[in-house]
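Each chain gets a letter, A, B, C and D, in the order it is written, and its residues are counted from 1.
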Amino acid sequence: MTLSKTYFQGLVGKGRNIATRAIGKTPKGQTPLKSLKRDCISLLSARGQASGIKTALNVHKTYNQCSQAERLEFFEFLLTEFGRPKDKLVEVSKKYSETPSHDNLKNLMQVMEPKRQDLFKRMNMAPGGTMALVNMRTDLLKFLKVSPELKPVDMDFLYLFKTWFNRGFLTMEPISWNSPAVVLERLIAYEAVHEITSWDDLKRRLDPPDRLCYAFFHPNLADTPLIFVEVALCKDIPGSIQDILAPERPILDLDKAKVATFYSINNCLFGLKGIYFGNFLIKQVVANLQQTHPELKKFVTLSPIPGFKDWLVENDRAARFGVSQSDLTFLKRTDWYENVDQHKHVKKSLRSAAIAYLTARQPNSHRLQNSVARFHLGNGARIENIHVLADTSDRGRANSFGVMVNYLYVLKQIETNHEAFAVRHEIALSAPMHALKSKIDKSSDGI
Amino acid sequence: MTLSKTYFQGLVGKGRNIATRAIGKTPKGQTPLKSLKRDCISLLSARGQASGIKTALNVHKTYNQCSQAERLEFFEFLLTEFGRPKDKLVEVSKKYSETPSHDNLKNLMQVMEPKRQDLFKRMNMAPGGTMALVNMRTDLLKFLKVSPELKPVDMDFLYLFKTWFNRGFLTMEPISWNSPAVVLERLIAYEAVHEITSWDDLKRRLDPPDRLCYAFFHPNLADTPLIFVEVALCKDIPGSIQDILAPERPILDLDKAKVATFYSINNCLFGLKGIYFGNFLIKQVVANLQQTHPELKKFVTLSPIPGFKDWLVENDRAARFGVSQSDLTFLKRTDWYENVDQHKHVKKSLRSAAIAYLTARQPNSHRLQNSVARFHLGNGARIENIHVLADTSDRGRANSFGVMVNYLYVLKQIETNHEAFAVRHEIALSAPMHALKSKIDKSSDGI
Amino acid sequence: MTLSKTYFQGLVGKGRNIATRAIGKTPKGQTPLKSLKRDCISLLSARGQASGIKTALNVHKTYNQCSQAERLEFFEFLLTEFGRPKDKLVEVSKKYSETPSHDNLKNLMQVMEPKRQDLFKRMNMAPGGTMALVNMRTDLLKFLKVSPELKPVDMDFLYLFKTWFNRGFLTMEPISWNSPAVVLERLIAYEAVHEITSWDDLKRRLDPPDRLCYAFFHPNLADTPLIFVEVALCKDIPGSIQDILAPERPILDLDKAKVATFYSINNCLFGLKGIYFGNFLIKQVVANLQQTHPELKKFVTLSPIPGFKDWLVENDRAARFGVSQSDLTFLKRTDWYENVDQHKHVKKSLRSAAIAYLTARQPNSHRLQNSVARFHLGNGARIENIHVLADTSDRGRANSFGVMVNYLYVLKQIETNHEAFAVRHEIALSAPMHALKSKIDKSSDGI
Amino acid sequence: MTLSKTYFQGLVGKGRNIATRAIGKTPKGQTPLKSLKRDCISLLSARGQASGIKTALNVHKTYNQCSQAERLEFFEFLLTEFGRPKDKLVEVSKKYSETPSHDNLKNLMQVMEPKRQDLFKRMNMAPGGTMALVNMRTDLLKFLKVSPELKPVDMDFLYLFKTWFNRGFLTMEPISWNSPAVVLERLIAYEAVHEITSWDDLKRRLDPPDRLCYAFFHPNLADTPLIFVEVALCKDIPGSIQDILAPERPILDLDKAKVATFYSINNCLFGLKGIYFGNFLIKQVVANLQQTHPELKKFVTLSPIPGFKDWLVENDRAARFGVSQSDLTFLKRTDWYENVDQHKHVKKSLRSAAIAYLTARQPNSHRLQNSVARFHLGNGARIENIHVLADTSDRGRANSFGVMVNYLYVLKQIETNHEAFAVRHEIALSAPMHALKSKIDKSSDGI
């Protein structure tokens, strides 16, 4: 095996993802899995130093040739062959507990460090290696559901990824209609909140001067945003996602823009599950917009309320907010929002119920029930307003009878809010939201 | 303390190194050190999540304001306050050694993980944070000489840096006269083998078509090469560094270039001590040159032999190679190389002595004495040739009586050579060098 | 009117095309046309020097607000107000013809220079000005059909554009799936030979490693290619556009690529009519591919034969090539290519007819009838082969009964071929094509 | 002659200036000049179309091989062989003056267009061609002094360059310590007002946050600024160039910067003589700084007054301003500025004399005597203040006894000032300068 002319070909030209795309050949008479295992062992051996990058490249190529069953077996191999040796660990931990010397600590540390992490680091040396590892973990996370014993392998992935995807290594970049198609097609693929239905739809979200988009990128995954947020510049705090996404909407004169609305925020890589970027992204976008668009006065989300509908209809809860069975029947009609004027009290009741839901805790816990509220309030935002008829799409009605919520980000209050929320479990509310909640609290006894 | 308008100012415009350059003010009535300690604690606290980047930025600013004494005290603080709690560790390691369950393992792991690494990761979130941490370790390495008890702090730095500066995150870039001055001034600062004496000298090494330079960069340290190698394209394997660096030398027609000579390779950041890039850099430069300059046939170094002179003059060793005391006196004259023809036998003797030195082992070990030989032979290169009168500078004569050596890199033989060297301790030699060494081995009995 | 804060806003951020996109307001009580004329006069006046860029920006904004009728009137204004003053010109030409002194020449030159060119140069100073001028000429070219008296205005456009779009100012860039969407959507818009039906279709032409695309760009029109060529890497000279464009085609291993096929070349900007880029583009793509893909042996087109069908069916010409009326009826069926095996003689006849057509001259002229042949043969290529059933699309059958042709580019023969063609009117043919043509020439008497 | 593998090598890699740097070989038995003439003729011939770029490349290479005498002969060749044919021109101008028809106009136009311009356009197609042409004109301008008959050749250069270097094709770029060394070394070379003495001096002018530099670039001359301006951010309008350039000066906190001072503006390419960029550059820098540094309140120059000393000492003019012969003797001492307090009246007199000089007209003309004043007042600036002891360098004392002047740019007044100056010959003055001038005007009778 030699370092041939194409040794680093992955670095040049078209082959930017060679490690993940290439379909090479397995050495004769070997299954990909056998070859894969052998290369992993080789990668950690003395030889590794001389031909590490090439072997790492092979690992990724061969992994891609493996069937799902082979991949599962590969993860089991990683679990058993590259973990912490139990007997050895029992021995050195006993020694240390008896004599906690520096040397015994060093021994303990050495045995504790799983060879898997070292293996992953060497796999990362190949061009395209980081993406290949993220994809590997994507597979693993699926296997974990049926093979929870693989958890220790995932812990090593997660530990490394948290170190590698440290905020300090990410760059925030605007995404526009001027961005490469290879990046843009990923927005289409990863937008999970309000589906992007076509390239035309995408262009409407990126190209007009009153629409912006920002993402975090990692230098090794240049074509793939890690997380992105879509922003609409508005005159006032918006109360309807339909208005924002309408194909024929009027474009706002930038002089009149007063509010930046974050109307969709999406993580892109399932293989980075458990690493949190959203908090950082929102705050940096706010900070940047304050510099580039000094005319903006408010930074607000227009957020869905997943789970609200289910919460409301269970346990006769609806009735407590004045929503009758016939109201519920009405709300489940696909055209209810066209006739809502005949049921004005329903709108009022939905707002009351929504604030109750958004501030509801999990049983025997201070933890909020609703995950989106948890995220934004945990970031230091406050609940600013609630809108009925705000998302009349199928998904919107199925989640929350179409109700949406604004969370407001005021940079100067973020720390105070965050601390009150994290330490004293207090929820920041605008004055109207505070009034609405007080009214409910008075009228009800512990919903 | 709030996230003000200038929250991320470090990201924009001139302030690219704000974390390391800014000289802010310490809160009233506080020494920088007090403020620094407080911020470190805050950074790991709950508050940290909301205002982490700002606090991290403060940490770096305040650290820069600290005196050397305060910095030393800070590292002691890191040692004692953010290490592994001994009592706790004794407890959980005892528990695990008694009952090696998954839960007890998790406990052990948790206690093992030092909070320092987590602290460093959070410090890294600030713009300029990575460079600031590298500079911090530069300080620490100096303190270590007198305060070896700080070693555990350094181990955490080293562990993190090895993960962050993984080969997979580095990019190789050519450096040319077209590179930013801010990068070029670092070449001048870091060139340690053959000093760059002026911007004119630098231009002579970068601008002519037969001169090249490559470096590894890390995305977060964009202005600072981690390591760089200077390359001269030649007709034949060169035997004199004077010829390569001569201000008035003729420029080689690229059609006639047959040999790429690596005549200087330098690490730039002392704070990255213990992380090795040289091996990877040389191999990738060879691979790249094979693609961009297919006319090149050989890849070779022209390397110094530090320590050769000292080795030769000690213990009457010189005499054994036929170098008399009067020869030595002659060699120590600053102008000996102008009169060398009168002492032809000296040239021959020096070559013999040099091959003996380059292949000499440390006492009771297979490890080579000469560090440069160790590096290149460990990379899989072979000793190709030895040249007397090759470096007539003060440094060259002080190191090795002006003798230099070529190491040859043949990509196809690198793995074999490396394995023979690493496993069987065999030294790869060209045929003439092999002959030279055989002659000495026969004539001597265990020099 | 003052240079306000937003004086150069067109240069920054989103507003890259502000000159062409902005819809400003006309000063009160003025039609856009009035305002436009006034600004043109101002632009050439003394004031112009101080506020030229701002006035030029206004010109483009106001022009965009004008109706078609107003634009036509504007061009008439340009014709009459900024042309050469006839009386003055008669006077100075008379003077010069009587006394051809240096001073009289200078006077003549001054009067000859139309103020329009100067006006256009000043319009060009605005950000986005070059594109705005190209768009202006696009309008003018439409008006010219009904208002041929505007021709002198167009001559000034053409003269300036030829100077500005000199080959030396163009850069050739690869276009890939990594290119900005704003560029790619223009490929979709401008592909006129083989329509791009969707972003998926576009991706199939750009992303696979055996597909390439190159374009000329001008620095001032960065988002808009001037001309682009689509290239397929193939094993052999291809004989069917269907195979090249098939959605499910196998991707060629680059090691096996021997032929680069230019299967579509398109001009993008109608406003640059009369300025020729194709010749330069093809030759530079060939030169670049020879460097980046040294494995390629041949550079060939797969070109349409527009006009062939019309030529063949007129004047009983078909019969002379052995194509009967019933054959023609058969050929006009949309599914004829599925049954072609029953009409083998038709294929043969079509090939003969095609070579006759491709080499046919215009009446009383050496000029070839077919414009595509004229272009490639004029560039120094040769006719390499002819393929029946090569383009079975509606357009392909309508143009040429589906027949296509390969032109071969051999850099070493380009000059010779070009000169033979340009000076001696000789057509370069491959041996088989030469044989085919000889056979026809013998059998026919002056088709 | 064929299009070889290296056909476009000038486009890639190091050879960016190949056209101007390469020293090729002349075909056997030919002088470079013969070869050059032959290629020029070929470039305009039919062959040109097929091999134009290669021939153009040859032209530039051969020109570079020519001696000064050969170059002069070459320009004479351009004058006689590629100009307007006199006889023909007499003929067609006569025809047109008799019958001013469209056809006769076209004929006249065709004969008027000199083939030289067409030749230059074709020379421009070569990589590096634009720079080569600029260098060619640099030579020509030197020859013009002794061979004024070459003027028509220069007119064609100038005409083309004015079209090519239209403001619309230039980009303004900041120059910083982060700029390529190849650009920075040109600042050192072209700074003519206040010499840059070393790379350290250069760094002091570029790197501190209170120092900026901007330049115009043309896309084809990417490494060479056309014109650059050095800017110092200051607290107040500065009155001394020594303070600005002092190596150990304190760096201004950006929060305190209120004034942007343009203290040096330099044209770089002598070959572009007669094309004016300064006016545009200053105004765009002002506009940009207003956006990026909104804290700046004033935009001002600190300008030299070349010619002031000569003007003052001639014709007993000094006496009229109260400067005695002994004062003049004192002023000519190199250390006068250290003892100026003993000659306070001299400072006052110099200020009066300076305002008189700056506003003095040329004999029988409205044109100002001082070219720098003409430039800035023509741009719409006003004379803001005059400083004695402002430039104590040799050059400063030799030009103007060390006196300097501030011109103030107020964007809102530029148009008004410019028009008043251009049309009514009024000079804009600050109130104190107005008062100073009034005083002189009263006390003197037509100095």
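We adopt the following convention: a contact is a pair of C-beta atoms (placed from the backbone, for glycine too) under 8 Å apart; a residue touches a chain by one contact, two chains touch by 3 or more.
Keep in mind it's a predicted model, so treat the numbers as computed, not measured.
Asker: Which chains, if any, touch subunit A and subunit B both?
Answerer: none
Asker: Going by C-alpha centroids, which chain is farthest from subunit C? Tell me that one.
Answerer: Farthest chain from subunit C, going by C-alpha centroids: B.
Asker: Would you mind pulling out the distance in Å between where the CA atoms of subunit B average out and where those of subunit D do?
Answerer: So the centre of subunit B lies 47 Å away from the centre of subunit D.
Asker: Would you mind pulling out the distance in Å between where the CA atoms of subunit B average out and where those of subunit C do?
Answerer: 55
Asker: Could you grab the centroid distance between subunit C and subunit D? Build each centroid from C-alpha atoms only and quote it in angstrom.
Answerer: That pair's centroid distance is 39 Å.
Asker: What are the residues of subunit D that contact at least two other chains?
Answerer: Nothing qualifies.
Asker: Let me know each pair of chains that touch one another.
Answerer: Pairs flagged as touching, ordered by label: A-B, A-C, B-D, C-D.
Asker: Under the definition above, what is the set of subunit D residues touching subunit B in their complex?
Answerer: 13-15, 176-182, 184-185, 199, 203, 209, 223, 292
Asker: Give the list of subunit C residues in touch with subunit D in this complex.
Answerer: Touching subunit D: residues 1-5, 7-8, 12, 46-47, 49-53, 84, 86, 89-91, 93-94, 96-97, 100, 105, 108-109, 112, 121, 124-127, 129-130, 160, 162-164, 166-169, 219-220, 279-280, 283-284, 287-288, 290-291, 378-380, 411-412, 414-415, 418-419, 422-423 of subunit C.
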